[in-house]
Amino acid sequence: MSFRVGVVGASGYSGAELLRLLAGHPALEVALATSQSHVGRSVGEVWPALAPYYPALPLTRFEPVGLCGLDLVFLALPHGESHCAIAAITEAVPRVVDLGSDFRLPADVYGAWNETPHAAPGYLAKFSYGLPELFRDDIAGHDLVANPGCYATAAILALAPLLQHGAIEPTGIVINGLSGLSGRGRGLSTESLFVEAAESVTPYGLLNHRHTPEIEQALGRVADGSVQVLFTPHLVPMKRGILVTCTAKAAKPGLSTESLLALYQSSYAGEPFVSVGCQPPSTAWTYGSNRAAITVRYDPRADSVLAIAAIDNLGKGAAGQAIQNANLMLGLAETSGLTHCELAA
Amino acid sequence: MSFRVGVVGASGYSGAELLRLLAGHPALEVALATSQSHVGRSVGEVWPALAPYYPALPLTRFEPVGLCGLDLVFLALPHGESHCAIAAITEAVPRVVDLGSDFRLPADVYGAWNETPHAAPGYLAKFSYGLPELFRDDIAGHDLVANPGCYATAAILALAPLLQHGAIEPTGIVINGLSGLSGRGRGLSTESLFVEAAESVTPYGLLNHRHTPEIEQALGRVADGSVQVLFTPHLVPMKRGILVTCTAKAAKPGLSTESLLALYQSSYAGEPFVSVGCQPPSTAWTYGSNRAAITVRYDPRADSVLAIAAIDNLGKGAAGQAIQNANLMLGLAETSGLTHCELAA
Amino acid sequence: MSFRVGVVGASGYSGAELLRLLAGHPALEVALATSQSHVGRSVGEVWPALAPYYPALPLTRFEPVGLCGLDLVFLALPHGESHCAIAAITEAVPRVVDLGSDFRLPADVYGAWNETPHAAPGYLAKFSYGLPELFRDDIAGHDLVANPGCYATAAILALAPLLQHGAIEPTGIVINGLSGLSGRGRGLSTESLFVEAAESVTPYGLLNHRHTPEIEQALGRVADGSVQVLFTPHLVPMKRGILVTCTAKAAKPGLSTESLLALYQSSYAGEPFVSVGCQPPSTAWTYGSNRAAITVRYDPRADSVLAIAAIDNLGKGAAGQAIQNANLMLGLAETSGLTHCELAA
Amino acid sequence: MSFRVGVVGASGYSGAELLRLLAGHPALEVALATSQSHVGRSVGEVWPALAPYYPALPLTRFEPVGLCGLDLVFLALPHGESHCAIAAITEAVPRVVDLGSDFRLPADVYGAWNETPHAAPGYLAKFSYGLPELFRDDIAGHDLVANPGCYATAAILALAPLLQHGAIEPTGIVINGLSGLSGRGRGLSTESLFVEAAESVTPYGLLNHRHTPEIEQALGRVADGSVQVLFTPHLVPMKRGILVTCTAKAAKPGLSTESLLALYQSSYAGEPFVSVGCQPPSTAWTYGSNRAAITVRYDPRADSVLAIAAIDNLGKGAAGQAIQNANLMLGLAETSGLTHCELAA
């Protein structure tokens, strides 16, 4: 049994990663790939590494009506483009995984963190937030899924067990995020040039990065109450990878690193894509994969908890998780197409 | 039907790549992994990215007798260690793929390009040179295979069609090679430190790199005559990847870039792991894969031919090709375990 | 008027940076350079970029008696080596700038954060903590100066104005540090290899990095009270550069980003090596220089302050600051030898 | 005595390097800096590392009449822009150093290697080719100097002693060039993005790079005859640095590596910016400097000579050499402003 899927935005980095993973997926077949900037070229011309796997697939211009006949579409569009076209898209195709940030927040919160108001607020309630480790059942029952942001995925997975069990205060949480350059996308900008980005780290989006309310909302569901974080992202000179380092005040007596590690082990027991360990994780451990690697510490000096998660921003932070969600939506094995062993060095 | 294989030298970069690829191989099962430096630790401790795929495999000390019961062993040892132990190894295990440089040259040539004479010259004739695109039949009939060097693989594939068809002079061939740092191995040296290697390129091994006679020998078989090259390798600041740029005097009138591209297309027609194209290949096209990407040009100004090949030094240049050889030796599909689509960005 | 100085540990990265900067210093002359690992080789052999500036300077074995006749010595030794030899050193040479961490903390604190007790506690009170922007007068009057740690320099400069003016709570301060690989030194270790460090970020020293008490002590002097921080360092794939991102609870009503920027501008007015600006600083802005680039924000959502500083770990974080200290100790202009314009791209 | 100079194209990488070096030049004062893309911003906003050195210098729009009153102008414009404006420029300012490729070739050769014919052929004979080590006297007597290309500088310095002394055949010379990304300039293109360039090497400009005729012309002057080269450039993932590896047939009996090294030592004796040595040079040796580091080998197997040169493409390959030329044109010491010791690690 095979499903026909489309990749909208196939000339971007997340689009390429979707195509790569889908090339090995046993039950999903790529029937359509679109691009704004490379219409008329083939997948193999734009992504030579993919040429042997898509010998004839052309990049076509995206039009919602062109999605007719697909079972599911992955939208890997620039921020703000999905919500303008969602009505037409959902008329054409029964299932959508949106990798953008358009359908992750309620309309009022969206409006407060973006320059323009949401164009399709009526659709927001129809989208499920696609973080399977926390909201698996909800995703399986939805046809529209908003794939989480890359930083948000890492931060939520790093902090969820603590908030679920009341181990930390829900406010005053500090999250520092580090991202490789593919997190900026493939658009042309001076900041993304090799010469500007290499041999440097740069903080950005101070106090106003839109993953902030996304993290707060998802953790609020977990904590069953309001959560407040101060999130600071930084660009670091690598292609892929996200690391978040989270600090929060302890909210319970008697915590220890041992007990916290045990808590995480049990919280994520059986999860195929989460590894909990004592050693601080490197992003290289997750390069190309759909895995999150997490550790946690209790600091008795500051009576605080330190939680750290590493993912690949294009894997668990984008394309990998999108396929995980699609698997759930289509009733496939959740790990389908995501089991290949990725680069160790 | 499954074969039991061993990886000797599993804590090095080629060893890790073997383990990675074997984790997805449908017919080979890793029954043994050895390491000199990490005995007693598990594969997952030394290579966290591999931990989910080898939850319990320990790294043991290499002893030939420990290979008993395996169907095939991959030797990923430092240069010069295989030939000292080959007698004991071949007593214990019926098939060997040696990724080192010990069994690629006749004893006299080996002696001329190495500091010490060969310790097991009687075994040299028993080894087949494992470049399947040129010597496939020979490999399939052998139990002992010498896996080609990384630079040698790229250079031989780049130049073979020209020499097979007498299109270039067999002497005066200039080969410039560029390699990522994993080509130096995982041994500790100041030159391999990030701070020394980043933001720099360094030529090395001037006039005396041991891949020189290996290239000449393999191309000599192809040309059915003596071949002479001047090979200069360089380290470039990347983890993986080899690019060779080869220049030779034309030996025929009437050459053109079009005719040469057609020659390469036909020479490599049907080869699953060689891509010929007009665009100059980047090493990134082959990152993590077993593929070689090749282009060729005729320069009428200099009446010369320019041939360029890109591979992953750990893939087609080491572990990928080793598995390709093992597949041939064991009668499996040649592409078995090597079909996954690797990173496009 | 010229002073004769020595560089002990000249084959390490801080030693090389000292030699580089001293080559252009108008009043300091390098009369001695020592190395444990490269005795008998010349500076130019070990550091080819320095060869034209030190055509004949040999690297000699370090012996305290060999320092006789120098006016000042820079000690760029591995952690823990200075305190064992300090008595003999101070007998031989009248002035010492120690770039290591041996003389920055009181004996009890040193003992609590290191594996072995301090070997020369009697000398600790004789050392001044060499952060000129905060303790300039104290440094000028001392002959023994402990050069601050790289992370500590950045963190203290980032937070000092806030604590001086009671703008933040002195506890619960979260500091995330990012460092290039030269911060690990030139010693051989697998973690420092290009292949391991490139394309990855790695947190380390969780909860126990020895710059923690150093930061707390210096900020405590500034705050005139106890200060507590939770510091988490990370390695990022670049050669040079440190960035610290500091978060703390506001301790005053009425803060704003504008008022905080004005506070920093006035706190560092006239400082030749501190730049305060609104734009988040990149480490590239300080590459090769003795400069710190700082910004600050007030977050009304979390009622918290965010302060960020970038330096070059080998410049203001080591060799540059050491020369700044030496200038103060010798009565030279503080900027002497530190005014060259460094790489912009 | 101070001269007023202008930098046209100050927001590009060569422009930034000119500003950096001029900030420390004792006799040249930057009176004007222009930019097409950043008009109205200050130097410090566009290049934060330069802010302390140019606290008030604005970037203005380039107009030839605006150059009036300057003693000399550096043109760091994109290829093809200088020749269209040269008449107006030379009316406004008495001396020009053009870092572009517009005035390096005779009109017919220019036309053959470029898409459009030369717009100001009458000016070509008025320009001197600014490679001081070979054509010093000619430069000193000219007011218009064409600064050599980066690859060309390295290749010509690497090969000149051989051709001057008839040691190699003047045809069949193979030159492989490796360049860091700043060689592509600061213009926006997908190929220059960090994600595309990191972890990859890419050959480009096969058979038709415009430095080819430039190298042939300069070496032809040296050889006093026609010279023919086959030049293949490659991009490597670093910010700065050029390495050329040159191979040529020996034209004399009795050559040896020792005799060739001696030849180079004597050819470049007294040259302040050329270092000849036995060890293969890394580009890191020249990072930020105006130096060329060269080695040479005789290969008796192939009866060929191998010559290798490393430079910084923005230093000796652009801005450094431009200042060296300006010094000659203005009667200043040739090393003026170029003596600072650059990064060793």
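Note that the chains are named A, B, C and D in the order they appear, and that numbering of residues resets to 1 at the start of each chain.
Keep in mind that, in the parts below, contacts are C-beta pairs under 8 Å (C-beta built on N, C-alpha and C of every residue); 3 or more make two chains touch, one makes a residue touch a chain.
Please read these numbers as outputs of a predicted model, since none were measured by experiment.
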From subunit A, which chain is the farthest off, judged by mean CA positions? D
Contact-pair count is greater, between B-D and B-C, for B-D
Nearest whole angstrom, what separates the Cα centre of subunit B from the Cα centre of subunit C? 45
Just give me the whole-number Å value for how far the CA centre of subunit B lies from that of subunit D. 38
Listed in rising order, subunit A residues that touch 2 or more other chains are 13, 180, 182, 186, 195-196, 198-199, 237-239, 281-282, 284, 287, 345
Looking at the complex, which residues from subunit B come into contact with subunit A? 13, 16-17, 19-21, 23-24, 47-53, 182, 186, 198-199, 239, 275, 277, 279, 281-282, 284-289, 291, 293, 314, 339-345
For the complex, which residues does subunit C have touching subunit A? 171-172, 174, 176, 178, 180, 195-196, 198-204, 206-207, 228-230, 232, 234, 236-241, 243, 245, 247, 249, 280-284, 287, 295, 297, 299, 301-302, 304, 306, 308, 310, 345
Using the touch definition up top, name the residues of subunit A that touch subunit D in the complex. 13, 180-182, 186, 188-190, 192-199, 237-239
